[in-house]
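Encoded as structure tokens, the structure appears first; notes follow it.
Letters A, B and C mark the chains as written, and numbering starts fresh at 1 in each.
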Amino acid sequence: MWVQKEISLPSKPRGFHLITTEILKKMPIIKTINIGLLHVFIKHTSASLTINENADPSVRTDFESHFNHLAPENQPYYIHTLEGSDDMPAHIKSSVLGSSVSIPISNGKLNLGTWQGIYLCEHRDRGGSRRIVITINGN
Amino acid sequence: MWVQKEISLPSKPRGFHLITTEILKKMPIIKTINIGLLHVFIKHTSASLTINENADPSVRTDFESHFNHLAPENQPYYIHTLEGSDDMPAHIKSSVLGSSVSIPISNGKLNLGTWQGIYLCEHRDRGGSRRIVITINGN
Amino acid sequence: MWVQKEISLPSKPRGFHLITTEILKKMPIIKTINIGLLHVFIKHTSASLTINENADPSVRTDFESHFNHLAPENQPYYIHTLEGSDDMPAHIKSSVLGSSVSIPISNGKLNLGTWQGIYLCEHRDRGGSRRIVITINGN
């Protein structure tokens, strides 16, 4: 069985945001799947998806702080600077974190660990709404 | 055809560990698959999975050294510090490396390159045993 | 439906290279798929795959500059040094960026965002040709 939906996530501030509940709401079909995979893909190069801690929001704050060290703005060697100082770091963070996550489905549920959630990582100051493609394959 | 197993990998020391053989032993069904994909998922946010060199163990040692530079302990800007100095770096490394790998299956074999192996990346000092979900889809 | 091809990409200089067109040319079958996933896997540990900006080549130049800062050559703590100063950084970059990308197929097309392309990331000075496995599953 294949199911696919393309959705827009409303604009979020720069930083790391839990979207597990938003994804699950769009895909009630998961309940009917015994074994399968959920694939979530973001159609942008300055925002990304990852899986990390779903409880303490301080983890998401520290992600934002640390990724700003890992890919700082205004590096003297950047030549792609016309779209703003947050643009080139956003591209780098997007590839370091990745544009998709895939998660097993088991017995009608997303088989995440207790502390895992899906993050939308917004790397631009004003990224706007973001397009996501959700694909489920299973039986 | 869909096959899925959830297993526990015994506790490993902080660092990078080859687990290709352990994964293959759990999935003898690979031999019967002509074309497909193997998906391996780790149900934790302080350990991760990646694919890298399967031969010289010095690569794994250098991974541990370098990732400790890439996401150091005790950064002054960390606010998520209650679970120990190794915790926040573990979350960051986990998202940089990723919580899953997917590998083609071709003619009854995992189609890895000659030098590729699957790494379990243990980012905590005492991470304990780790839950892994292995999913195979193919025909 | 499952389709899989293993191909060699000709040798490319160290740096980041768009390969979307090369991948699509090998997989005309995409046109016949309504819902599915494209999986691209690189069989090497010193080159990688990622998705990023497909327009301005300065983004690819800045990727090369920045990843050379993120995983520099000749770090004093590297012990895996026999294969050249570009070797250990290549392994690290390869795991940070990843050995596969997977992209939704929708209505006979690869469902990438307007600005997204597939990059082959060549991390060695003389990496030679690179083996890629392309797998499509869909209906």
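The definition used in the following text is that contacts are C-beta pairs under 8 Å (C-beta built on N, C-alpha and C of every residue); 3 or more make two chains touch, one makes a residue touch a chain.
Nothing here was measured: the structure is a model prediction, and the numbers come from that model.
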*Turning chain A onto chain C with a C-alpha fit: angle in degrees, nearest 5?*
120
*Over half shared or under half: which fits the residue numbers at the contact of copies chain B and chain C, same or different?*
different
*asked:* So the centre of each chain is just the mean of its C-alpha atoms; given that, what is the distance between chain B and chain C in Å?
replied: 20
*If you look at chain C, which of its residues touch at least two other chains?*
70, 96, 98, 102, 137
*In the complex formed with chain C, which residues of chain B make contact?*
34-37, 50-53, 56, 58-59, 61-63, 65-66, 69-70, 96-98, 101-104, 106, 111-116, 119, 137-139
*Sites on chain C touched by chain B in the complex*: 2-4, 6, 39, 41-45, 70-71, 75, 77-80, 88, 91-92, 94-96, 98-100, 102, 131, 133, 135, 137
